[in-house]
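Chain naming follows the written order as A, B, C and D, and within any one chain the residues start at number 1.
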Amino acid sequence: MTDTMAFWIVQGLHGLQFSMLLFLLSVGLTVIFGLLHFVNLAHGALYALGAFVSFSAVKLTGSYWAGFLLAPVAVAIAGMLLYLGLIKRMRNAGPMNQVLITFGLIFVFLDIFRIFWGDIALGVEEPALFSGPIEFWGIKYSAYRLFVIGLGIFVLGVLHLILSRTQIGAMIRAGVDNEHMAACLGINVEKVFFIVFCVGCALAGLAGAVAAPILSVYPGMGTEILIPALIVVVIGGLGSLKGAMAGSLLVGFIQTFGAVIAPQIASVLVYVLLAGVLIFRPAGLFPARS
Amino acid sequence: MFEKLKPLSVRATLAACVMAAGVGGVNAGETKVGLLLPYVGVYAALGNEIDAGFTLALEESGMAGDFVIVREDTEVKPPVGLAKARKLVLEDEVDVIVGIVSSGVLGAVRDFVDGAQVPLIVANAGNNDATGSRCSKYVARVSFSNAQINRPMGQWLYDSGVRTAYTMASDYAAGHQTMAAFSEAFIAAGGEIVGAEFTPFGKTKDFGPYLSKASAAKPDAIYVFYAGGEAISFVKQYASLGIKGDIPLYGSGFLTSPLYVAAEGPAAEGVVTGAHYAPTLDIPENNAFKAAFIAKTGKAPSEFAVQGYDAGRVLVEAVKSGASGREAIATAMSKVAYTGPRGALSIDPATNNVVQNIYVYETVAGDNGLTQKLIGQIDNVADAVNGCQF
Amino acid sequence: MFHQTKLKTFVLLAILVGLIIYTMNGSYFGRELVVEVAILAILAISVDMVSGYGGMVSLCHGAIFGLGAYAYAAVNVLMGGPPALAVVAAIVAAFTFGFAVGAVTSRTRGIFFIMATLAFGQMIYVMIFDSKSLGGDDGMWGLTRLDLSAIGVNLESGVQFAIFSVLCIGLTYVVAALILRSAFGRTFSGIHENEDRMRALGTPVWKFKALAFGLSGSLAGIAGALAAQHTMFVSPELVIWTFSGEVLIVVILGGLGTLVGPVLGAVVMVFLKHEISNITTYWHMIIGILLIITVMAGGRGIYGGLEQYLARRAAKAAPASGAKTDA
Amino acid sequence: MLKVANLCKSFGSLVVTDDVSLHLEKGERRVVLGPNGAGKTTLFNLLAGEIAPSSGDVFIDGKSITSLPVEARAHIGLSRSYQKNNLFEGLTIGENLSLAAAVAMGLSGSLLRDTHNDPELRKVVTDVAAQVGLKDMLEMQVANVSYGNRRQLEVGLALANGPKVLLMDEPTSGVGPSMISAFHGLLKTLPRELTVLIIEHDMDLAFDVADSITVLNYGKVVFEGTPDETRASSLVSEIYLGDWDDDA
């Protein structure tokens, strides 16, 4: 293996790793979007909550896996409360009110993080199992990042199986396609919504827990990741698993290779892509609903 | 606009409320101080450290009663910082302003305090220009300049055997000034810069692509400038990607600041940085300071706490020398010199920047987590005049 | 569809006169608050114009505002141009960007539109932040204010600048009202009501959306020019996306689609925030909770509520009259 | 005036408009008859440009408008009303009409003129309102008026839009007999040079106002002739008798 080839493979892995993180975050966002027609700007804050919970769990138990398991559960519970308290009532309130409510939630979460975890950025250690680099084919790469890539692919596979093979998956697909039709078919739409919302939140929490050892954990982390995640959703198309993955890969690879090849314009490239999609495919690349 | 220009007063601590006895209650001989720091936002932690250091200095002098403090929150937003500075000067009529963490806020405030002839003691913001081309008789800096910390590191790296270096920094003024100073000195010493990268400031989550690029260039060393959350991400990713085993990491001290190093964990072991303060500096002044700071706040001080302390000390020394009122304090603060927690310290009358030692330390595992092992010291580092004219 | 009612005229004049009186009698800091109110109110008017009357809920007006401020600074500082020219540049730049966003997003609706504006606003932020010539993270300083000495006004004076800012609210309101009651504005409202029918009637919808967004943008540009002159300094914080959300809060608080409501909202928000932040540094949370309550209550904002209250009282007084509100 | 040549539209394998050709002279009143699902509304959508044909052409005044978008066709003078009310619900009747009239008069883009208080435009609005029987209801909000009034406004919008060719999609759908006769009267008062194509279910109305009649079935033109010929046609009565439940 030549150095150049190894270099590009490593960069490809970087792109893949970032894409998977974006995927975990945006898949919940996009399915909640597609099914509930609800835009949750606080999705980023839930991701940050996942990271903070994972930080505390790791600190208490000394094990990364405690955070890995606890964060999705805690964030799903937070999502449950949000759904029952606010979101259920705001489902038909129109996009602007939803944007405003969840925008308010961002403020609330920011200060909650500050009160409980302070202003200083925190760190979470990689799990011992995946600590440090491993070498294969003459390439040295972070074991933990490979784990993140694997996890992303695993989650994609599980979600795909659930959507295509199970009863609830069929209900979700029917609901995304046509809510009234689904209700007519005797599907308990409310229940499906609730489950999907909680699962979306759990995935955001998982993304936070997974990101924590790579990045640092601080109150503003959710607000910063929100815009890339929204761009992924718009590019991919609302409500589609395929779209979320395609959007994540596009954004992840454009950012990674943009940073390596053309750092001067890297930051604008994603927006150019977005503008192009909006002009030529206003419903995104793979909209769930035709 | 309420987010950007929101001028308001934030009482950071209860103690402050006691001291801020209210407008108009200033007796003759008392000095009114405007403490202009971020209490919310990304630098809130720095603001609180500086605040604690500053009040410690006043208390320690036994002259706390001679000062009235008015605190204002910059929210790390230049327009807000400027609005607050105006408020302090025009409404509260303070004698001196102390603080300012971000260079953006300093850039916004500089012309105003210069025009209003109000002395400003800068407690962090390191932009070279503030004591260079945009220097002012009324602006003195007790913290550092970006060049001051990193210029000596160029020679030091060469002397310790590094011949080729790859530089990486956040893409904003501090990053560029840091790297310019380091690179110039390193090249002058005989070294070679084999590559330089400026990563988008505040937006870079994944340094992987840049780190892999740096690693592919096979330099003797990587020299970086990152601070806060970016420093944590950077150091951890550097270790996780396995570059740590191949290429040593050097940088300016913020990379492994005591404030953040615990979050970096074992990844930070072996990283060598240069800074204007190291907590393990074993001199009586530092040991006394550390004990007093821990007694006051319950935690060990960072370089930011020291900067706050020295800002307070400079003010106290100026007032002790008999200065009272804006003009007198401005004149007196340029002449202050003493030995403090970071060793001998004085204000350079030519630029109003601090003259101080730069310490090189390695982050190593200690009994209670990570600690700093001093491995080098460059004495009395002063910046060139750089076009400064009062 | 927009109607300038007597109540609107009264409320607007009451606010403007109130602010001027407050400026004359207030402290230095009171004047800062007044300028803040003015900048926020102008921006809120511009957002209400497209969001309230055209259904184009924008999350990029903060960025357009910042772009205006930067255009002002660029002409004033980098090119050494006079402030008057810089104001024109601010308006032109804001108009151009607004027009482009309006055109590109004209086919998108609802949440897609909102997110697209968010992303394009963020694009401006990234470009400004990355631009070395615009000072990057440090921003630009050394801005000068308009020279109105010809008419005996000295904007260097805090009081006069604050009053000038208040008058700018009035000016912006008049411009927005004239646009909304013109044939163009009514057609724009028609598009909001029923886009397909408006198109079937022969309206090239995208042109109207783009132009309306551009015109609204130019009002945001005025706010930007005012902000640049106020601080005499610009930095990327002006362009940050959350500010767009905050402006939207002000519009909702005051009353979406009422034009005068957002002015009222700006006054309430600035003074409220000032009071809350005197008490705690966790004011973000309190503002957030207030916002959630306001929206959950499903209210029509402060002005909408006032209008409703007066209409109900009038209906009680004269039960037979079927007075029509202009909601 | 309006010429349709070999117009086809299919959705997948479903052919909804099958080689339709029509020719309307200036001032002609043509009624389109046909059972439900015959493709009448689809034909209108094709003519108005709301959907694109699979093949074929549409001409106005001899010029092809096939590639023009909806709004450009309206500008040329092709105006339509809808079978299902498609109005500006939140506005008053007067505001509705003035929106349509402003477009026709080329004022809609003006930033200077206030169409609400423009005498010239005001006159068009009151004239059209009088024509469709809404003269006294200009200040009423659409959301608050009866279904019948909305049907009237639906036609009013099309008329205020200054048409040369008027497409009316079941203008009397769902209204009572008195309103049907009122509408009947309206059609007779329309300027004689206006070309009108109407989809209609009410046979009496159709035979009374039409100069000519086209019958569609399964997307095809199956009959074309004068009202008398149509009345006499066994094919037409067969289609109608065979599909009697068309009283939608």
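The working rule: contacts are C-beta pairs under 8 Å (C-beta built on N, C-alpha and C of every residue); 3 or more make two chains touch, one makes a residue touch a chain.
What you see is a predicted model, and the numbers here were worked out from it, not measured in a lab.
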Please find which chain has its CA centre nearest to the centre of all protein CA atoms in view.
-> C
Per the centroid of Cα atoms for each chain, what is the distance between chain C and chain D, given in Å?
-> 42
Please report how many Å separate the Cα centroid of chain A from that of chain B, as a whole number.
-> 36
Which whole number of Å gives the spacing of the CA centres of chain A and chain D?
-> 50
Measuring from the mean C-alpha position of chain A to the mean C-alpha position of chain C, what distance in angstrom results?
-> 33
At which residue positions does chain D touch at least two other chains?
-> none
Chain B touches at least 2 other chains through residues 40, 44, 200, 203
At which residue positions does chain C touch at least two other chains?
-> 126, 130, 242, 284
All pairs of touching chains, each written as two labels joined by a dash = A-B, A-C, B-C, C-D
Per the touch rule above, chain C residues touching chain D in the complex are 1, 178-179, 181-187, 189-190, 193-194, 196-205, 207-208, 211, 324
In their complex, what parts of chain B are in touch with chain A?
-> 40, 42, 44-45, 48, 197-200, 202-203, 205-206, 208-210, 212-213, 216, 228-230, 232-233, 236-237, 239-242, 245, 259-260, 262-266
Note: in the complex, chain A contacts chain C through residues 33, 37, 39, 86, 89-90, 93, 95-101, 103-108, 110-112, 114-115, 223, 227, 230-231, 233-234, 238, 267-268, 271, 274-275, 278-279, 282-283
Chain C residues touching chain B - in the complex, by the definition given at the top | 27-29, 32-33, 35-37, 39-40, 43, 126, 129-130, 136-139, 141-142, 158, 223, 227, 230-233, 235, 237-238, 240, 242-243, 246, 269-270, 273-274, 277-278, 281, 284
Touching residues on chain C, where the partner in the complex is chain A = 51, 57, 59, 104-105, 107-108, 110-112, 114-116, 118-120, 122-123, 126-127, 130, 241-242, 245, 248-249, 252, 256, 282, 284-285, 287-292, 295-296, 298
